[in-house]
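There are two complexes below, and they share chain A, which is joined by chain B in the first and by chain C in the second.
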Partner chain A sequence: MTAVVELRKLPVPSTGGLLTPTVLAVRGDLDHTNATQLRQHVFAQLPDHRHHLVLDMTALGFCDSSGIRVLLTVHTWMNERAGLLVLVGVPPRLARVFELTCLDRLFTIRPTLAHALRESPAP
Partner chain B sequence: MMTSTGHDSDAPEPHDDAVPGDGAVGRAAFSALLEDSPEDLYENAPCGYLSTLLDGQIAKVNATLLGWLGYRREELVGRRSFSDLLTMGGRLYHETHFAPLLKMQGQIGGVALELRAADGRRLPVLVTSVIKTSGDGQPQLVRTTIFDATDRRAYEQELLRARREAEQERRRLQELVTTLQASLLPPSLPQVPGLRTATLYHIASRDEVSGDFYDLFQISRDRWAFFLGDVCGKGAGAASVTSLIRYTLRAAAAYDGDPLSMLTTLNTALFREYRSEDPRYCTVIVGVLTPDGDGFTVALASGGHPPALLLGADGEVAFRQTRGGMLVGMLADAVFTTTSVRLGPGDTLLLYTDGLTEAHAPASGTGDGRYGEEALHAFATGLGPTTAEGAITALAEVLRGFGDGLTDDAAVLALSVPAAEISPSGKGRL
Partner chain C sequence: MTNVPRHWPITDDLSALRDRVGSYASGAGLSTQRAQDLELAVSEAAANVLEHGGGHGTLSIWADELDLTVEIADTAGRLAPHHAYPQPPSTQAPRGFGLWLMGQVCDEISIDQQPGGSRLRLRMALTPAPNG
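So, the complex of A and B:
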């Protein structure tokens, strides 16, 4: 069984004087069979400078430890560039895993995309 | 100099140049240029020609085939038969299949055979034969064309070799995975006086090393330590992390014997070792067993791991929550949580990785179709008071029930204290 995951870039209205974020929506199941692929797709969308990334996980069905590793890798990468990774629409089961592993303290998590966009950091 | 035939305005037919010997200058030049006399075409065709009598004796052979085989014409014509040119295997095939089919059908095409050259070389060829008949339908002789199939054979052999190599690689990989996996787990758990232990280990793929691990070992005269965990990711990278985890925890246990400091030491090791380019994390639950009357006190510390499940002698089943412990290796100054469990006679403690609770189990009735902690709790409740072996045997059955739904690796470690001795009357036994 191979999990299927899709990554879609969402159009974002300009946030005026703020840093305009890249918004990527993840759909499907994420596990060790496709985690590497997703990581490459995410990084392919990221410019190599200070940046703001929002991952919309509303349509993410399942995410195992390989998927969490991808999130951590992206988080670290953004941190090193003084950027920000925001997770929105975290499904309940994944939220429990975040709570169990204390990742809810590490990641910036917002309930919806609208919340995340309101809080774009200053450029 | 004309090589075209479109000049003969006096010719009644514009396209009659296929008629030989009509004497037109342009046609002669064209013909000469192509050197396509039937004789030359026969002798030096890009394939071998062979005519044999009905008894197989060679009657005619072209220069191309003689060249390939390294024979002089007089060595073959009237002296040898077609099957003499074949290898032993080819001769058998010719006798049992080729010749009878040819006789029956009047022709046979595209048969792969091997010829043996004068110097013993083997020449892979494709052979097509037809029977030439006389006007009244009587068979007269056999005409055979022979194509050099060296390139094709080489190609096929290359394909075969590549396939064999791939299969061998895969076998080698699986052996390596099995060996590596074995080195990451204790071959068998040591005997702990007054304690029963049992384990379950499921590997999702034979091609990849699992990221699940466990261990149980003695740290002092009467104290024992154990751990069970799950490295984020799998494969070779996860295996090297698992190895580091195992040795770090064993060393830390020997040094300190406190589950919390074991986790802290491990966190530092993982954070330093894998910080930048290839960060690695794990969830792990660590325990230390200290004898306590008729059972043990179990000090537990967890770093982001699912809670242990206690199946009491009284039939009570409860998760021992260890929320608030961080994923190990994530932050330099991580925080972990501890709890203490009393394991008395008839109690069983179950540690597991999320491969168990995350298995696809549509029948479990959870919203997302995964087995889930609730189902595990219900299963344990239904099991009643049990033993380490009893719990593992029953769980193995559950895992089998998942079938293809068990997509991830899963590890379970069960610890139990044997129930109190049966009373002399034999009552009180379950």
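So, the complex of A and C:
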């Protein structure tokens, strides 16, 4: 079995605001063999207007540099549209890679989905 | 005995390769975090073989009293000694990320280039120095 990574869209109660975020949960192992597939699946879920994306990484078992590149691509794409990518539930293993690469300073990271949804982003 | 040398082909099943290396490393006495670090380094090295190293290669792993060593041999031979320890990658052009990460998490990496292929070695000390 090659590495399997799945993406699931989670329902989000409407905040009544203009920018109810898209929430996607990533599950499995993300590596060189499936990073392109995951990137395509993420972008397939993104509307082309300004919005926010929350990626729930709680069930991500492994992530290599290909996976990091996907996150950087999505981060840049969101920024270019004045949106925001928020990462939640970052497992310790991935947190260590973020720390090594100083990406913990680039990405917006919140402990849990509830934390991310509680903050209402500026309209 | 987990410390006898093992050899595994490098295929696109990086997940199985990581599991094997992680088990071997734990069996040899590496801590959980350092075993996970080695899994990451091995995954990066094997991905490089698939992408740039001719698509085929062999991973060998062995341990002695002092060190756990992983050798990744490819068939392309494009990887050269000066590729070890690259500059930190930029977020704009994150190429070379894999080799840089290997240098961060392993105690030593070295590359031997021959006409028939390159061999990348990753070394993890089994008893790291304090604060090391």
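Note that in this section the second predicted complex is superposed on the first by the 120 of 123 C-alpha atoms of A that agree within 3 Å, B and C clash if a C-alpha of one lies under 4 Å from a C-alpha of the other, contacts with A are read in each partner's own complex, and residues count from 1 in each chain.
Just so it is clear, a residue touches a chain if its C-beta (ideal position, glycine included) is under 8 Å from a C-beta of that chain, and two chains touch if they have at least 3 such contacts.
All values reported here derive from a predicted model rather than from experimental measurement.
Asks: For the three-chain model obtained by superposing on chain A, do chain B and chain C clash or fit?
Replies: Overlaying the two structures gives a clash between chain B and chain C.
Asks: Quick check for you: in the superposed arrangement, does A:Glu99 touch first (chain B), second (chain C), both or neither?
Replies: In the superposition, A:Glu99 touches chain B alone.
Asks: Of the partners chain B and chain C, which touch A:His32 in the superposed model: first, second, both, neither?
Replies: After superposing on A, A:His32 lies in contact with both chain B and chain C.
Asks: Could you look at A:Leu72 and tell me whether it touches chain B, chain C, both or neither (first, second, both, neither)?
Replies: Both partners, chain B and chain C.
Asks: Touching A:Asp64, do we find chain B (first), chain C (second), both, or neither?
Replies: both
Asks: Out of 74-82, 92-100, 110-118 or 362-370, where does chain B collide with chain C after the chain A superposition?
Replies: Residues of chain B that run into chain C: 362-370.
Asks: Overlap the chain B and chain C contact sets on chain A and report the shared residues.
Replies: Chain A residues touching both partners: 1, 31-32, 62, 64-66, 68-69, 72, 93, 97, 100-101, 103, 106.
Asks: Please output the residues of chain B touching chain A within their complex, sorted ascending.
Replies: 208, 211, 230-235, 279, 281, 283, 303-306, 323-327, 330-331, 334-335, 354, 358, 360, 368, 370, 404, 407-408
Asks: Sort out for me which residues of chain A touch chain B in the complex.
Replies: Against chain B, the touching part of chain A is residues 1, 31-32, 35, 61-62, 64-66, 68-69, 72-73, 76, 93, 97, 99-103, 105-106.
Asks: Quick check: in the complex, which residue numbers of chain C touch chain A?
Replies: 12-16, 18, 33, 36-37, 39-40, 43-44, 47, 50-51, 89, 91, 94, 97-98, 101, 104-105
Asks: Which bits of chain A are touching chain C when the two form their complex?
Replies: Chain A residues touching chain C: 1-4, 29, 31-33, 62, 64-66, 68-69, 72, 93, 96-97, 100-101, 103, 106.
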